[in-house]
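Chain IDs A, B, C and D follow the sequence of writing; residue 1 opens each chain.
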């Protein structure tokens, strides 16, 4: 009896609500929570994550349960997360708590780099963001990786008797997130295209190498964009580059895509 | 003779370059330059613009002429720009200097608002960004407008004996940029959907009105998203809302689109 | 012979340089490096630190050894650091590598908070900065701690028939850094002064408690400033508060000091 | 009768309140309002100002009138403000509405610069902040001016066969605000100390000049700090420099003061 009544009531609610607007995303944003990142290389990093998670809202619902997202986040507090495991989490939460879950996770990833001549190690930091949502622009999951590099201007080099202006630049690639993606390799391939890559700890002999190597390897932002494009052309991706120009107070940037 | 030789050389260059990658955008970013904004209401505002402009790079070209973009920007320094005139600029530069020009212009737009009871005026500021590029996501030009508002939580109201938590929120709409768009009206329609709109200058009697009006008009972020959606549903747009939650140290946000 | 010549040359250099300007600080800024934070409570947190370190430059020197700072930072990579140990590091580096060292370390510190009624735990994050330099404004070392809280407006409450506007606020205290400082206690004493403190995870019954408690505990920014001042008046400190006003698009702030 | 009672009540309130804490600053922050800037050179600039204004709170008062600050700001909306006039405003408001007023005004200031060889003009933007408060650190009023420049590393130059790493840097001077301060001259004297100053619009022949001039004029951050110090040593000031290092992903900075 009761359940029948309930059923009717429920139907009425549905009828009333059936013409509500579908909302693509509702959730929480800029929530800090640490986790342990397994980068598939056998080493673990304790990491400060910045999380956005949420859900779409169907036409028959008024809204999401905001507190449920904290419940979900609590479940993965201080857990080990690899690119493989993040899919499992996504699927698990999508089945159990949601049917159109999304998750965006940003963090600073570290690689120990050895300086080119003196062979001193230091940490380099790379910003990573993972985007997990069923129906994003690629109909799939994405990884964004931002890599700081050096670019030296070919025009400045060719027209000047000596020297060339050069600057710090940022190369960001958005690429399909796959289980077996090796972040170290992504970093390596992109750094290779720059005039030269950056290090945190450089002795004088390293700085000499840096300065001369960069001069022998000048790159316009267009050259660098195409070099990275060619390196990744068998993948779907988009690419953003930005130079902190040392001759101007404004930046120079490029955008290109392969999909 | 000379021209023939030139022609051959040119062809060779083309043949060499023909298989270069097409780059969607290359240009300059974060360049500050003032202009005069005509908002189609008969009043002019002197405005600090933040400009990104550039061009795509065709497969047969190595790159853009960066200095040309400054030449273009110099031409429109301190010029009067309305939504109508910005199209003309776009077309003019596209024909004369470029064949796939893009322009992005961000600025702070002011409206004098009269407080609800004491009738004191004050300035409210709204951030606007114009996006002009032939082949963007809508195949057309866009305006982004961000409006600060107040939202009061219906759940908090309904479960508490008195009071309800409320906060500052930001509603951003991305809409097709048209000649005859009235920004004041956009602001008006969106502010109307909020629990209540904001003012810079409120006397006590205004604050009383504000507090009570907001309480009588509670809105979840989902409600507000749908209310704005319904108001604009005959247009193509997307919508981003964000609440600076007064009960949490993280934000709540929504995203929805109609196209 | 040679060494004598060298000695003369060296003296000449010194004589030439003796009237150089003393520079208070030269160093590196915004270097990310993880460490393990011991908060004196027996629990350890793996933490992402943002480091500024450097040295003054004496009148007889041309400059600092930038690479030495990375050498120092490498030495404390992934080390356990407590408020006690950071002094030891400071002294060690001051004696061994420098005679006027400074160190500034910012990080996000987490506390597990239990929601007031449903007793669910969640993480709250608090930004901390440590300032170590011999001759700072207090002639001593400082800790800055920023705590997000809720403030409810007494004026809005008293003039309105129901409800009161309230918002997220940030209270920052700068206090003498001492070995035995308990950060948890600092957080506790400041949160106690707010209209109510924040939680990340609130169920409906918590939200009801939050809403009603805040209403019974209204605070102007001036009230809150004085309440915190009185709680800490036996210490030297300064205090900055900022309210993200829910009725305006601008903020309200206060500053006060006790030294 | 009534007024006597009121008088007694008022006195009681005073007695009750007399031991409240003195608060150095309470006010509004990040309020956008345009004004017209007269830089003492005969030319006017319409400018977007970001305003912080407020007052101290005496021991016998509960707080400030927040709405009064908007009343004050409304009075100077779109007014012409020079360094001379801002003192008048300060005094006027201090006498009429307040007895310990403070005002902080930030804006982007533009100078037309002619490129060194091709003689093309373009705008350069410099961030300025004015600080007006009776009892600040200098017991006087301050102007902060930030100037983007280029610095080329002397070490990189001297150890390398060719080229030297160089980058965009920011030099900020805090100096006593005086009626007759010429901002253009401040900019000129600081830009002169850099490896070379920046322009927004550079043709190839300018870029050649820039590249070679910078190489002939290498500066460590310590050199530049001292050069600027020596230029301004008859004034009280403090100085902050920051290099966006092109060889690292972190910055290098210096601080020095003369007072």
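By our rule, contacts are C-beta pairs under 8 Å (C-beta built on N, C-alpha and C of every residue); 3 or more make two chains touch, one makes a residue touch a chain.
All values reported here derive from a predicted model rather than from experimental measurement.
Undergrad: Taking contacts as defined above, which has more of them, A-D or A-C?
TA: A-D is joined by more C-beta pairs in contact.
Undergrad: Relative to subunit D, which chain's C-alpha centre is the most remote?
TA: Relative to subunit D, the chain whose C-alpha centre sits farthest away is A.
Undergrad: Let me have the rounded angstrom distance from the C-alpha centre of subunit A over to the C-alpha centre of subunit B, please.
TA: 25
Undergrad: Calculate how many whole Å lie between the centre of subunit A and the centre of subunit C, each centre taken as the average of the chain's C-alpha atoms.
TA: 29
Undergrad: Report, in whole Å, the distance between the mean C-alpha point of subunit A and the mean C-alpha point of subunit D.
TA: 36
Undergrad: Please set out, as single numbers or ranges, the residues of subunit C touching at least two other chains.
TA: 31, 125, 200, 202, 204, 248, 250
Undergrad: Under the stated contact criterion, what part of subunit D meets subunit A in this complex?
TA: So the residues of subunit D touching subunit A come out as 124-125, 148, 150, 152-153, 155-156, 159-168, 198-200, 202, 204-205, 207-208, 210-212, 214-215, 244-250.
Undergrad: Write out the stretch or stretches of subunit D touching subunit B in their complex.
TA: Against subunit B, the touching part of subunit D is residues 31-34, 45-48, 67, 70-71, 74, 77, 108, 110, 120-123, 125, 200-203.
Undergrad: Write out the stretch or stretches of subunit A touching subunit B in their complex.
TA: Contact set of subunit A toward subunit B: 20-32, 52, 54, 57, 62-64, 66, 220-223, 225-226, 229-230, 242, 248, 250-257.
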